[in-house]
C-alpha cells in the first residue's frame, strides 16, 4: 500500500537527529515539521532569513514582516534569529544546515536533481533551490515515484533542466526509501505491501537490491 | 618656516568636505580631527569597527570594549554605529570612505607608499594599512619631508618594502603640499618662508613646479 | 551632511530611463512601497530591475510592469504575476533568472568591494553556461560578478538622519545587501528618528552606505500567503 | 541539543596539540579571556593561532607564548610583546603577517562557504608573493583563500543557550567572523541567558555557528592604551 504524503513526511522525520538544523522545501517537505520525533530538538531554517521557524500564527496575529520562504505568514520560537539573505545562504553554503528536504520532478541514479523548469512552460525561477542542492551536506528528496502520466521520476539521467548535480543522498517516495550510491538507487525499505518488483517496474534508473528488503515501519 | 605637526594636520583638515567619511591613521593624521573646519560635518571611521568616533573619554568613563584602531579608549557620538572587521574593511574596499590620511616612511613619485617594515628591525605587521591604501579613493600622506638622517622621503622609487602601489594622491609635509601626478610630485603650496629651492633640495623624486607656487595659508 | 529628503518623489527625482535599480524585499515582504509608487508617477521607463521577485499584478514591482516601465528583470523567482508572464511571452520583457543565494551574494560582494565571488550554486546546470568554473578542493564553483546598480531602493523599519538602518523580522532579507550595493542608495523607513536614538550595537546598515532617507507613508505591507493555525 | 558547557576547561577539553585555533579580539579588546586561561592549564602545545594580535606579555595570547604553547602565529600586528619578539628572533616561533582586512575577510569567507575571495590589499607588495593576481576592471586583486580552523574561541557580551550571540561596541571586531569560521566554535559570554531573552532582530551571530557556550568568570577586560581628555 503506497504511503500517503503524511506518511512520507513521517518517514523522513525519522532521519532527524537531536540538534539538527533543517531546511524544508515547499510541499511534502513542509509536512516533515509536523512529525518531529519526541525528545528531539530540531531548528528549522527558512532561507529568506530565519532560524527557528515556528508554526503558522493564530488568526489575527499575522505579521506581514514575518514570512517563510513560501511567503506564508509564520511565527518565531524562543531562540529564533533573523538575518539577511547573504548570511542565510552563507550558512547553507558553509554546510551548517545539517539536512535539506525538498521535492523533485526527476532524480537520476547519480543523484542529479531537476525540480525548477519544464521546457515549454512558463519558467518561474529556481529561487533558492540551486543554492540549497549545491551546498547542503545531506539532501533528502520527498516525491512521488512516478509522474501523473505514470512515468518513473527515478531515472538513469534527468531529462529536464538540472537544478544540481550529484547532490541527492536519499529519496523517500510513496513506494520506497532509497539511497543514492555509486551503483545507483539502493533500495532500503519498501512501503507496506509494496513488492520489490513493483518498485523495480517504476524505477527507470539503476536499482540495486541487496538481500531481503524490509518493509517500512509506518 | 617649517610647519609644526599641528599645522600639517590643520592644512590637511582643509581638504575635508561636508559629509565626508574619513579614516585617520596614527600620529599626525589623528590630529586632523582637532581641526575640522566650522560648519562641516565629518564622520570618522575606525577600522576596528566604528563609524562616528568621538573624543577620548573623561577620566573614569573609559570603556574597555570601546577603543579605536590605535587601541586607545574613545567615545561614541550620536549616530555612531558598530560593526565587525569584515564589514569595516568591506566599506573601505567598496570606496565608501571618502578620505584616508596616514603617515609614511617613504612615498615615490608614482604614489607608491612604504610605511610598515624596515629590514633588519623587528617587524610588527601592517595592520590595516595595506587594505586602506589599496582601497581608499583618496589618500593623503602626512609626514616629514626628510627622515631623521636628513634624507628625502619623497623618492623616485621606494627603497623600503612597499605597503601599496600607485595609491597616494597628495602629500602634506612640514615644507610643502604636493599632488602625485603622472609627471611626479606637483608642488602646490610652500610652507611660509620656505623656498622652492629648499623643497627641491629635499625632494629626491621628480618635482614639478608650474609657475608661481603660493605660500600656504597657515 | 544632509541625507533626509521630504518624500519618495524627491528621493527618486533623478532616476532616469534606462537605469539599473535594485529593489529590496522578498515576495511582498519588506519592499520599498513608497519608492515604487513614486516611480509609477515618474517619467521613467526601460528600467533594469534587480530584485528577488517581481511583485504581484497590482503591488510591488507589478505596478511598474503594468506601466511597462521595466525592460529587464533580474530575479530568482517571478511567479504570481500574470502581466509579467504576458510581457515575457510577448518578448516585451527580458528576464534573467539567477539563484537566490547568488543574487544575495552578488549584492553583498558589491557592498564589500569584492569584484567577484565563487559559489557552487548552478554548477552543472544551464546557469553555469558561459561562466568560469573553478575547482577548490573537491568541489566546483562558479565565478559570479558583483552587481553594479545605479540606485538601490530599500525599505527599513527604523532609520536615523545619518542613514543608519534597522530592519524588522524577515523584512530584512535583501534590503541590507542592496543598501550596500547601490551607487546611490535610497532608504525609506517606517520611522525616521534623530541621530542618537538608535543603539549603535543594533544597527544593521551603517549610514555610510545610505545616501538618501525618508519616512514613508501609508504602508500597506500586503500579505501574499495568509496562513493561520486553529486555536489549540 | 545541548551547547552549554560548565566552564572554559570543559569547553576546551578536546583541543589537542598541533591544532589551529582562531581567537577573537582586537588588541586586548573582546578577547576570549577564559578560554585562553584554560589553555594555559591544558596540556597542549604546537598551536597555530589565527588572531589579529598576539596580546601583551602577561595577557591574552601572550600567556600562551610565555608557556611556549604557540608554534605559529597568523596575525596582522604583533607589537607590544617582548616575549613574542624574543621567540620570533630565536626561531622558536613562526609568524605569518597578513593585512587586517584580508584576515577578516578570510574568516568571513569560511563562514559563508566561499573557498576564496579577491582583495586588492597587498597587490605589488611582498604580501602578493606566490599569490594569484587577477585584474577586474582596471584594478588588480589577490586571490586569498578561506581560513580553516579546528576551533574558534570567541567572546561575546551576551549569549543564549541556543548559541546566539550579541557583541558590545568595538569588542565585536573579529569575534562574529571567527565564530562563523571554526569547525568547532566555542563562545564565552559575560552573560548567558535562556533562549527567548535575546531579541531575534538584534543577534549578531546565529547559534547555528556556535557549538559550545559558557558564561565566563572574572573578566579583567584590560585596557591597553588608557587615554582620557580633560574635563571641559
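Letters A, B, C and D name the chains as they come in the text, with residue numbers starting at 1 for each one.
One rule holds for everything that comes next: a residue touches a chain if its C-beta (ideal position, glycine included) is under 8 Å from a C-beta of that chain, and two chains touch if they have at least 3 such contacts.
Everything quoted here is computed from the prediction, not taken from an experiment.
A.B. asks: Spell out the chains that contact subunit A while also contacting subunit C.
C.D. replies: The shared contacts of subunit A and subunit C, listed by label, come to D.
A.B. asks: With respect to inter-chain C-beta contacts, which pair, B-D or A-D, contains the greater number?
C.D. replies: Counting C-beta pairs in contact for B-D and A-D gives the edge to B-D.
A.B. asks: Using only Cα atoms to place each chain's centre, name the chain farthest from subunit D.
C.D. replies: It is A whose centre lies farthest from that of subunit D.
A.B. asks: Starting from the mean Cα coordinates of subunit A and subunit B, work out the distance between those two points in Å.
C.D. replies: The separation of the two C-alpha centroids amounts to 56 Å.
A.B. asks: What whole-number Å value describes the gap between the mean CA coordinates of subunit B and subunit D?
C.D. replies: Here the centre of subunit D sits 29 Å away from the centre of subunit B.
A.B. asks: Using CA atom averages as chain centres, what separation in Å is found between subunit B and subunit C?
C.D. replies: Inter-chain centre distance comes to 36 Å.
A.B. asks: Which residue numbers or ranges of subunit A touch two or more of the other chains?
C.D. replies: Residues 50, 76, 82-83, 86, 90, 92-93, 135 of subunit A each touch two or more of the other chains.
A.B. asks: Counting only residues that touch at least 2 other chains, which ones in subunit D make the list?
C.D. replies: As it turns out, subunit D has residues touching two or more other chains at 105, 112, 114, 119, 167-169, 172, 200-201.
A.B. asks: Testing understanding: with touching defined as stated, what is the shape of the graph linking the protein chains, line, ring, star, complete or other?
C.D. replies: Looks like something else, not a line, ring, star or complete graph.
A.B. asks: Determine which chains touch and list them pairwise.
C.D. replies: A-C, A-D, B-C, B-D, C-D
A.B. asks: Applying the document's contact rule, which stretches of subunit C touch subunit A when the two form their complex?
C.D. replies: That would be residues 26-30, 52, 75-79, 85, 88-89, 97, 99-105, 107-108, 119-127, 157, 167-177, 204, 221-229, 231 of subunit C.
A.B. asks: What part of subunit C is in contact with subunit D in the complex they form?
C.D. replies: Listed in rising order, the residues of subunit C that touch subunit D are 105, 112, 114-119, 136-137, 139, 141, 145, 166-169, 172, 200-202.
A.B. asks: Which stretch or stretches of subunit C touch subunit B in the complex?
C.D. replies: Of all residues in subunit C, those touching subunit B are 1-2, 110-114, 160-162, 164, 180, 194-196, 198, 200-201, 203, 206-209.
A.B. asks: Taking the complex as given, what residues does subunit A use to touch subunit D?
C.D. replies: For subunit A paired with subunit D, touching residues are 18-19, 21, 41, 43, 45, 50-52, 76, 78-83, 86-87, 90-97, 135.
A.B. asks: Residue numbers of subunit B touching subunit D in their complex, please.
C.D. replies: Touch list, subunit B to subunit D: 46-50, 55-59, 61-68, 70-74, 76, 82-86, 88-90, 92-93, 112, 122-131, 134-135, 161-166.
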